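In the two complexes below, chain A is the common chain; its partner is chain B in one and chain C in the other.
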Partner chain A sequence: MDSPPSLLAAALLAATAWLAIGLLGLLPAGAAFVRRALFPAGAAASLALAALGAQGVWYPASSLVLPLGLPDLPFHLRLDPLAGFFLLLLGAVAAGVSVYSIGYFRDEAGARLRLICLQYHFFLASMAFVLLADDAYLFMVAWETMALASYFLVTTDHQRPAIRSAGFLYLLVAHIGAIAVLLCFGVMHGGGGDYTFDALRAAELSPFWASVAFLLAFFGFGAKAGLIPLHAWLPEAHPAAPSPVSALMSGVMIKTAIYGMVRISYDLIGAVRWDWGILVLVVGAGTTLFGVLFALMQHDLKRLLAYHSVENIGIILLGLGMSMVFFGFGHREAGVLGLIAALYHTLNHAVFKGLLFLGAGSILHATGLRDLNAMGGLIRTMPATAFYFLVGALAISALPPLNGFVSEWLTFQTALQASLIEHGVVRSLLPLFAAVLALAGALTAMCFVKVFGVAFLGRARHSAEKAHGDARLSERLGLAWLTAGCFFLGLFPAAMLLMLNRVAASLTGSSLSAQALESNWLWVVPTQPMQASYSAIIFLLVVLAVVLITVRLVRVFYHGRIRVADPWDCGYPEQTTRMQDTADAFGQPIRHVFGPLYLMKRHLPGPEDANPRYSIKIEDRHWYWLYLPLARLVEYTSSKIGLLQRGRISVYLLYSFLTLIGLLVFVR
Partner chain B sequence: MALSLSSQIVNLLAALLLLLAFAMLAQRRVLTLIKLFAWQGAALALSTAIVAHATGQTHLYFSAGLTLALKVILIPWLLHRLIDQLNVRWDIEMLINIPTTMLTGIGVAIFAFSLAAPISQMASTVTRSTLGIALASVLLSFLMMIVRRKAVPQVIGFLSMENGLFFAATSATYGMPLVVELGVALDVLVGTFIFGIFFFHIREQFDSLDIRHMEKLKED
Partner chain C sequence: MTPAMASGVALQVLQSLLVVLVAPLVTGWVNICRAWLQNRSAPSIWLPYYTLAKLFHKDAVIANTASPLFRITPYVLFGCMWLAAGIVPVLVTDLPFAPAADIIALVGVFAVARVFGALAAMDTGTSFGGLGARREMMIGFLAEPAMLMTLFTAAFISDSTQLQTIVETLAHREFAIYPSLAFAAVAFLMVLLAENARIPVDNPTTHLELTMIHEAMILEYSARHLALIEWAVAIKLVAYMAIGFALFLPWGIAPAGDWAALPMAFAALGAKLALAGAGLAFLETLLAKMRIFLVTEFLSTAFLLGVLGMLIHFLVRG
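So, the complex of A and B:
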């Protein structure tokens, strides 16, 4: 197969189309035009980009130099399998979200919607350019555009102070991360003055400087991805944004950070070291546990989902870290498997977290509620949303045959290769990380039992949801698209395995074992057939068969004797909706088991309280040991530096004079 | 070592330039300050013309003409009009008294000479010995900006700093390329205009050109 630059040109065209659609949104046309014409056009561009990305995986890399940018510093573009895979992720999720937005933004006023349309499409286009960039310059320009566009989207409701401060926190962390990424590029280029990725690949770094570059990249991209302790912006910014934007930020944007980590450590630095892998594993395990434990304590649906994004980034990092460990020790097949697991989970999380955020958006739109404790019984008024949300919940809980299971299973399979490693300590550590993953998976399942049970089942605690019905047609289309993605990725893992194998092979030059490559549509074999194999379709058929047989048996043996009566009410004279289990109550056992992790501010009613109220506030300890001391330090230093500002021109001139003299003395 | 006549004249003019810089540092009256500035410009123009004659660098004639037109005639005339309209032709207040300023100035000059000595030895131009003087007059003008309290003398200090820089360029490398010189000359002219406009605004705001009043602008 020869390299077709036309593929890259088409991808460039699709990304530019997003920019054009965003600018068209500024036209003084009505809101209907923006919704009915521009968002569908954006969805079409997304689909095209997804198709091009999927094609790009199978072709050799092609590159293009744009006559844009600064003089002597043109923009370089490149479409290689890794970029193609992430473009597929971006396009597939963005298509669903764009279709969903047509319905979601139906009540927005024209001016606001035009602005949202501009920011939304610039956000999409900047992510595409992050993925296509082939020099540090374009990468940073796109990276910062992405941060700014998403900042403005987060602060769409900037009239509310809480949202402004969430946006500020996000922008601050994004900038700190961007500085680290910029420094990382500076370290990597090693003084050559050439910042194209080709030059960065060619640069020979000493192990020390390679590690410095990796640490800077890990920190910088970690800030975007939401690793602890840099996660603080995620639970603030995601609930603040409109739901389609939350879906994109959580589904796609934080994945660009994963892209950056993979690109820099595997491609640009090249020689991956196992001690980096251990660092990634430790941080990933901490992030996973932290994310899921705090998600269990939330009763704001979107905050809860944001904490799950933190957790899933941790899971991706567990796969990535294991891959680095295996590559560092020279076990390339196992390393490739870990990389595939991480990338697979990246795609899976994008799809099901996009689905869940969109589902949360539909609930918010129909009932005006984000607080789980105020929802209940929504399955009766919103049956379609309930179904899609259930699929997303099953997928994130890693239940087969949906997609979340496959990638977590592949991560476990990677961990089971630990016996290959000669280093005794590392060999015994890897299963521990797998145990963390298992714990997180179980807790996630518990958390989504809570979400689905409290929100959709039981009796309605709130009467407002009668006002609006279920999700509209376009919202349902968007949800259905992502639901189909969950099923497809779960039922046909072999196709993805081969595709990701191609990505990994282009990055690292090695691929899975020959038996693994013989995986077909029915059976997936990550390593050896006798070690492990999985068939989603057979699993699905068995599950369906068991369910149908059970239903049939029940019908046969228990036919027709259904009696309609009130449920047993423990002898209470009346039942109120407050007697149901709430989200806080459901998480209470976990809160006790992991008590020392949380900072609880609880208000318990006294025995003689006439109007008893119970409230609990779970706070993140990171604020107290990291963020607030840091903020105080910055404030203190700036107040000291502020003393330099005397307001007198003579003093300012004196500063320049003394600086000049100093420079003349020391630099001659 | 016998110096050529042109070299001696350039050295003489350089000495004059330094002397004028010190005179400006010590001067209390705005009108005299402008006169001294014009004289400095004249010395600069003459020395540039002589360097041009001695080395055959024709573009330096243009520079000399430009200096003459701008810094001896146009800008002093503008400044004259400005202080007439603003009615500020009186004494200048200093932040530090004159003897202290002069002593500091001498220290600065010595520093400049010690700094320029190694560079002068490397340079091969006929004017190389004047680099120290050029540097000294830049720093002295800077000092003048620092110790003056009124806005007009500060601007004159700024302009005379540009004189020193120009002289440094001539003495070290026979001047900058003509395009750069044209650009700098235009900048100086535009700068003078802008300063003039600012003066009016400052006086309107504070009824005075004393920059002490601008301390109020500081944010707390």
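So, the complex of A and C:
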């Protein structure tokens, strides 16, 4: 693996291996073959791809032209540091998910599993090609394959109408987004040359058209990433898919949209403007708060996680937006820091959200439940899953020393560079976005206390008592892999900082300050040692040491005697499991504080009710002011256009005749 | 190991031990002051130590519904608070462990403690545990951004998120009242009251079921576990006071390598803690506990004050 072109060729081989594995799934072999041979092979290809991607970051970009595609339009491939980084993300998460799938799909029938295997590996391969593409044509082909493969995966349980409609909504939004991306390529193309990324990079755009291209890309990729108000499909579609697929969609697929935004704005358009940054920040802040506030209202575990994906995309955009603002004002070091923070959070979110979705899958498998309100006390029946899930929950809550904290810390550090900016209003705006991030972080912590507390702790609520056993070995392996990722990314951030600095340098030509790069593996120093530093390892060691000393001292000086008794609870007798907080009860302060945000339909029982029922339905206002009016508009217009369709051949001939006349008049 | 490093480590150990050992004394002092102000005869200042000793000796009773998390949590809480109190410069600025965690990480440490506390409260599956956890997390999500905003104001003034650098910058400027710091100080005080479960947000002495927050969370704990939690609460109060001193009263803290300034630093710390404890007791006597949902307004005011402080810093550069 010395020369860069062979690196790209190997990456191409790994991605093609996924395609081949998918096709092998069509062989009329048993389900055991698919599970025991194909998914492990897919995991091996993922690992290879992750390693190649990590290598690719450190080598100069290399490109390749494939003799495939339309005549005159061969496929161009390129592996540069940015693509390498995202390949690492894709491969690392996919490896864990593929291993997990071996155990997860154990009850699937052969025919269905073969189909899932095909779609699953095509989905992976298409994401790899999105990242490797070096011309708009291949990019769009891969992008659409990705949308289609994931659509079929979402509708795996297509017997249920709710899942069919979720899939339809997903496909619709995906295509609206794809049209915008397509138009964006058209604008960047500017009329001359071909559609290779090299040509797009070389095209000179006026500031106006550059902004148009950026807006189209932001809209198009935003639809895929789930920015408000384009998010509505995400909490419907992600939970509908089988859990490993949800993990891939939330963990990796929406990150390809981030890839697209970074690729187009930093690489293809090139000159980033600060007003784009403000737009990204405002949308990002809205997305962040909206995502977490709606996540707090959910009691379906997978829907809740999907809303958190919306939130985390918002957090990534906060870093990205700050980076754009700094670049726009010419503070390139701070801009690089923001870009690094955004990319770091992209990777972190992929790892911990993958972990959490897989954990949710294990719960679903063991108990048949997705509703938090029916769970409880699972830590006793599934201790291993509980541990992995706890790590994921702490990581997403941005608690040190895990990985979520590092990237949010870097985002805060970026915001604290605000005093560099000369523009007074923008300078005072940036810290406000940091405040949004702080609020979102604290709300996330609340949400995951709710999830873990209601699902794993406390006493089993009646219907969850039939829970049988913990996750299987392969499931645990997948979970353990991603858990290790959370620890690694949290404890050794300096290595990642160097890697991301390389990615940012290859994109923008600038890098972090020399002092930041000199720091050793123990310390993260984003700017200068006097300004800020963080060492997760020392942090963890000190906490561990202090805890162990305390345990030891207590044992030496006192005793370890323990009596076990019924819970006390202020001496109240007759405790039932119904008296525990449910997920909805835990969200009550949020409903109170942020009430006007939600569309609530609530039914409270009276004091005399013999059979009290409490129900609450919380809806997203976006449906009523945006989606449904839009749907009605489309329906109305199409019904009017439908008037043209008379079903009589003579009328259609008349149309052709009129069109001909029109053409003769206007086109000379 | 160089002499400078050795002296740094020695001072680090000294400060860490000092805050842990002194913390119950500060709690005792606050209780005495409050008793005086309320015309009650005051308990001994050593009472918190007697209570801790008594609790450590007892047999622990654990609910049969509890998981291992329940037993780990007191140690995690204690460890987090000890770490926090150890890295805030109260005596000296030269602390070798301090660069491992800046102010943002410090807020993270408190968040870890809060999350574990809330999880342990939900662990036994009782109604009060869930109630306490829910309210605690609500206060947490309101207080944490406000806390960060006040810290950011100081960070912008000294162009650093390292507490050491902040203290050194703020202690060596000319004496003038910075309007931005004044706003931040008020916001910080409000956050301190909320985060330490003091009146008007919570009442540390209540056991009235429906009004308690922090007490509801630790209802199921007994003996050594309870002792560790009570101790952690005392350390947390000292840690918050120490952050307040570092940001708003950074005078008297010994600079790096200056052993001669240490006695002065001890005296300054003693005086500051005594004043702060008396002030806290005074505030708690003056105010009444507010309804739980008024806490929202209280803490969003704190948040807005913090933001205002930051904006003022940008407007007047001071």
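The working rule: the second predicted complex is superposed on the first by the 645 of 668 C-alpha atoms of A that agree within 3 Å, B and C clash if a C-alpha of one lies under 4 Å from a C-alpha of the other, contacts with A are read in each partner's own complex, and residues count from 1 in each chain.
The rule is short, and it goes like this: a contact is a pair of C-beta atoms (placed from the backbone, for glycine too) under 8 Å apart; a residue touches a chain by one contact, two chains touch by 3 or more.
The structure presented is a predicted model; accordingly, all values stated were derived computationally and were not measured.
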Answer with clash or fit: chain B and chain C placed together on chain A by superposition.
fit
Check the residue A:539 against both partner chains and state whether it touches chain B (first), chain C (second), both, or neither.
second
Quick one: is A:568 in contact with chain B, with chain C, with both, or with neither? Answer first, second, both or neither.
second
Name the contact category of A:650: first (chain B only), second (chain C only), both, or neither.
first
Applying the document's definition of touch, where does A:394 land relative to chain B and chain C: first, second, both, or neither?
second
Would you sort A:660 into first (chain B), second (chain C), both or neither based on which partner it touches?
first
Determine, under the contact definition given at the top, whether A:379 touches first (chain B), second (chain C), both, or neither.
second
Residues of chain A touched: more by chain B or chain C?
C
With the two structures laid over each other on chain A, which partner does A:66 touch: chain B (first), chain C (second), both, or neither?
neither
Closest CA approach of chain B to chain C after superposing, in angstrom, is 56
Residues of chain A at both interfaces, chain B in one complex, chain C in the other:
none
Where on chain B is chain A touching in the complex?
95, 111, 115, 118, 139, 142-143, 145-149, 154, 211-212, 214-219
Seen from chain A, its contact residues with chain C in the complex are 376-377, 379-380, 394, 397-400, 405, 409, 412-413, 416, 418-419, 424, 427-428, 431-432, 434-435, 438-439, 441-443, 445-446, 448-450, 452-454, 457-459, 523, 529-535, 538-539, 542-544, 546-547, 550-551, 554, 557-559, 561-570, 572, 575, 577, 579-581, 585-586, 588-590, 592-593
Touching chain A in the complex, chain C uses residues 56-57, 59-67, 69, 75-76, 78-80, 82-83, 86, 97, 99-102, 104-105, 108-109, 111-112, 114-115, 118-119, 122-131, 133-135, 137-138, 140-142, 144-145, 148-149, 152, 155-156, 159-162, 165, 209, 219-220, 224, 228, 293, 296, 303, 307, 310-311, 314-315
Using the touch rule from the top, collect the residues of chain A that touch chain B in their complex.
645-650, 653-654, 656-657, 660-661, 664-665, 668
